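Okay, so here's the structure we're looking at.
Every chain is named by a letter (A, B, C and D) in the order it is written, and numbering of its residues begins at 1.
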Amino acid sequence: MSQRPVADDTARDAWLVALNPTAKVASVLVLGLASIVFPSPILGALIVVALFALAAAMGYFRPFAKLMIGFGIPVTLMLLLIQGCYSPQNVTVIADLGFARLGLEGTLYALSTVVTLLTFLGGFYLMNRTTYTGELVADLTERGLPPKAGYLVLASLNVVPQMKRRMATIQEAQVARGLDMGGDIISRVRATVPLLGPVVMSSLADAEERSMMLETHGFHLNERAHTSYVVVRHATADKPLVIASAVVLVLSVAARIASVAGVLPL
Amino acid sequence: MKIEIKDLVHEYLPGMRALDGVNLTLDGTAPVAIIGQNGAGKTTLVKHFDGILRPTSGQVLLDGHDINERSCAQWSAHVGYVFQNPDNQLFLESVRHELEFGPRQLGVSEAAIAKRVERVAKLVGLSRKLDVNPADLTPAEKKFCAIGSVLTMKPEVVIFDEPTCGQDLAGNARLERIIRALRKSGRLCITISHDVKFVCKCFERVVVMCHGRVLVEGSVEEVFSQPELLKQSYVIPAPVTRVASAAGMNKVVFDVDSLIEGVKAERSS
Amino acid sequence: MDSIIKVDDFSFRYRDAKRCAVRHLDFEVPEGGFLCVVGPNGSGKSTLCNALVGLVPHHFNGKGRGSVRVLGQKVADQTIAQISCNVGFVFQNPFNQLSYTAGTVAEELAYGLGNHGVPRDEMVRRIEQIAGPLHLEGLLDRNPLELSGGQIQRVALGSTLIMNPRVLVLDECTTQLDPLGSEEIFDIVKKLNEDGMTVVMVDHDMERVARCADHVLALSRGNQVAFGTPEEVFGDPALEEHGVDIPDYVRISRTLEDEGLASGPVTLTEGACAERVGKALGR
Amino acid sequence: MSEKASFAQKLKDQFSTKSLVLIPIAVGINLIGGTLCSMLKLPLFLDTIGTLVVACLSGPWVAALTGLLTNVFLAIVANPVNFPYAIVSVLVGLTAGYMARAGFFNKKSGIVAVWLAVTLVNAVSASLITSFVFGGATGINGTSVVTAAFVVALQDVLLSVFSSAILENLLDKGISVLIAYTIWRKIPRRLVSQYAMAGIADGEAPVGPGRDELDDKLEDDDLDFDDEDEDLDLGFDDEDL
């Protein structure tokens, strides 16, 4: 998600890219929450279908489907087994598998959990594909996030690829000194220290210089609000999107209350 | 040890040739320097000498054995490689442990290890710092610690990647001494360096690389008497060499003493 | 000319250190000057650089004596952020000079400005201003972490120059670069100096030092062993005894003189040195 | 000074610039644990080593923040399933941090205690989340299969989840703690002293930017290198192996 999306107005996903990053995050969170609150898996399932449609429209259908199915199928099977067969809430038996009986309540619970997970997974995937993290952090900073928190998020994200490269070099350096990375499990566990040790040591040394860099660049200044070079996008669709999500959430809460009160037969 | 390289090609990504047909034979004990711009393929080339990288095509033979016959860890007993950044290598709690690490991986006896550590520590100038944590050493000392940790493995070939980076006058003098000691004990030293002054002073053979190929190869005199060719690979001759040629001296010189000798000789003739 | 940097009997010892990193440093640099600091490793060059930008004593703990003044103000009385508006600092490792918050070079350049609350229009203007001289125009949209060391070092230079400092401190900033990359950085610095920037540079390439410095400060084990013009400093035969390297041009002219082949003051450039050799050859 | 103010001060001391810079680095170390495991083909996660090292260096709250950020990251970049487990990482960071402060990381028996404590904290909190948030399985790793097997055998979801979590954590945290301890012991005191825990561990007050008198005793330091002028021989050839 650190990749900066190229601002290409003709791209199929230009519409999604142009949305305000915070609006996107908020919508995903609110819709996910709605799917949790709603007293049946139907809402979540609808949202997942909608996300599939959106992904297809944006031109990401293949990777999106691969991700959702790759995660969705095993987790569904696992939860159907665990909850569907062994949930203490099971009263209504819907099938007999021989070694265990599948209960309706547990099955519904398992399905609710799965669709909620898929809502978050899919929502965040689409958000990541179309949002530049720097823009999201700039937006959140403008909205009151402390600049130091923004630093932590961005630096954590950016440091990983560099560390991976470094680890590859360290691996070469240690193998050149005769470190055997094969062998039995104990020798492989032992090999973690020569590989990770230099990463930690040199990172500690780097931390010194990096904090010097931050200090000479005014990291500690907080008399004035920090500004950013990144342009935060705002679109006319931002508000309707967030409002629509909020409405879905409110309706879900209402549905949940109604269901608890016994008005709605779900 | 004899290193033969035949039509060596290496591609990090298909179609992107970092090495584009290198043919080279390194033999004997005369120290070899490999020079050239960044991206010319120097590091890629030497990483084939101990099997860190494998040829995409072509052959690398060490004493007649194909490099692919053994793993990098197995070659490490024969070919030592000192990386440019010692921080990527050092991880133990003392210099002594660092120096012992390599031979211990090779299964050398404790008595022999102790002997090696003592000798190598003296050579790299860390005898008095054997119990110091490498992280507490100065960057220059860390570099010598990394060099020492490879030398204790008693490799037949030693490869240095930019050893002079971050060294001062005293450090360079020590490096020179290490290179001499390696030669004296019959080992081949191969060094990648940008430091032309250092190369002229300590090395006999020079390989100039450019765009993944060997541009020139030969004795220091042969290589540095072809300034036009060197220009292609952005190698600038040492200050003394430049001064001598600007002053119109006939002889190619590399240090102040030989320049003075040359001046005397040309005056008397 | 006014002294832009004034170091007055300055000594400093780091908290856990047994000995002083620098002792009794005492020198001045005029506005627009080019000071090169030379000396073996561990002679206190980096400590001096850190003191000029206020990292000593604000970031590194320890005990100090004497004063370091930049633009007439004591460094110890200002914050690092205040000093950094006047003094730009570039050090050795390019990768540690990235903020790690920027996805593009342009953002990286603007990072310091953002912390000072400079509006975006001004950022854009200043980036345009410095991208040219630093040859960064084509790189502005690239990810800084994917650049080469030399390119990152130019970005690091840019991210300090964007604050419009009047003094630039360079602590071995070309050591990890290849000759072409370091020459590029160096040419930029030379140009900045010609345009009036005061430069303090630590460098191991003595020929380069002789070529461009107008002042040289030689340190050895924390002591100031020589300060003056390159002719004065390198002309002193005692310098090498302190472990300080000297340019080969100086060595050549001195040996020629000692051998009675050609006399004259020490030569500092390739041209002057070649001329001297020519003279010795009788041409 | 009131108890609360001193706690706030302590907290502030933990978050110095150096600690702040350390956090992303520690998150990075946590995250490359996975790379390390695939490099060495280890069936482990090793995703808490950064948190544990930081716990030793900078204390519980910095470690907790490291844990939190690690999971936030995994949630956004890899799979949102990781997000609720941020609580687990935070608790692990706090546990390790307070234990480090109490000196448990300084001796071998202490390490066993850290291992058990971290394992327990992790297993209990993680299985509560797995059971009550996810209904028993998340399907993102092999543990879920173990859990399913336990469910079939034990017929109890929470107990099964906890059993598989304990098994997984005993192994993974054991090795993580061991690696973190090995690395921690090798970090020189000079580097350690720059982070907040140094003052706490040594009982010394950090020296502020001092401009006070300097004792002018100039000790002649050790020469950096041995001064040997004669050529040294590696002398390997006469050595019998």
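Everything that follows uses one rule, which is that a residue touches a chain if its C-beta (ideal position, glycine included) is under 8 Å from a C-beta of that chain, and two chains touch if they have at least 3 such contacts.
These figures come from a predicted structure and were not determined experimentally.
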- Note on the structure: Under the touch definition above, the chains in contact with both subunit A and subunit D are B, C
- Shortest chain-hopping distance from subunit C out to subunit D: 1
- Message: Using only alpha carbons, which chain's centroid is the nearest to the whole structure's centroid?
- Response: D
- In terms of CA centroid distance, which chain is the most far removed from subunit C? A
- Just give me the whole-number Å value for how far the CA centre of subunit B lies from that of subunit D. 38
- subunit A to subunit C: how many Å between their CA centres? 46
- Item | Chain centre separation in whole Å, for subunit B relative to subunit A (CA means) | 48
- Between subunit B and subunit C, what's the gap in Å when you average each chain's C-alpha atoms? 29
- Enumerate the residues of subunit B that touch no fewer than two other chains. 91-92, 135, 138, 140, 170
- Query: Among the residues of subunit A, which ones contact at least 2 other chains?
  - Reply: 151, 155, 158-159, 181, 193, 197, 201, 204-206, 210-211, 214-215, 219-220
- Query: Which subunit D residues sit where two or more other chains touch them?
  - Reply: 24, 186-187, 190-191, 224
- Message: So with touch defined the way it is at the top, what topology do the chains form here? Options are line, ring, star, complete, other.
- Response: complete
- Message: Looking at the complex, which residues from subunit D come into contact with subunit C?
- Response: 24, 190, 193, 206-216, 218-219, 221, 224
- Item | subunit C to subunit B touching residues, read off their complex | 39-42, 92, 148, 150, 172, 175-176, 178-181, 204, 207, 243-245, 247-249, 251-252, 255-256, 259, 261, 270-271, 273-275, 277-278, 280-283
- Message: Quick check on the complex: what are the subunit C residues that touch subunit A?
- Response: 50, 53, 55, 58-59, 79-81, 83-84, 89, 91, 93, 95-104, 106-107, 109-120, 123-124, 127, 141, 143, 145, 159-160
- Item | Residue ranges of subunit B in contact with subunit D within the complex | 91-93, 108-109, 112, 115-116, 119-120, 122-123, 125-128, 133, 135-136, 138, 140-141, 151, 154, 170, 174, 177, 180-182, 184-187
- Query: So in the complex, which bits of subunit A are touching subunit C?
  - Reply: 2-4, 132-134, 137, 147, 150-151, 154-155, 158-159, 161-162, 206, 209-221, 223-231
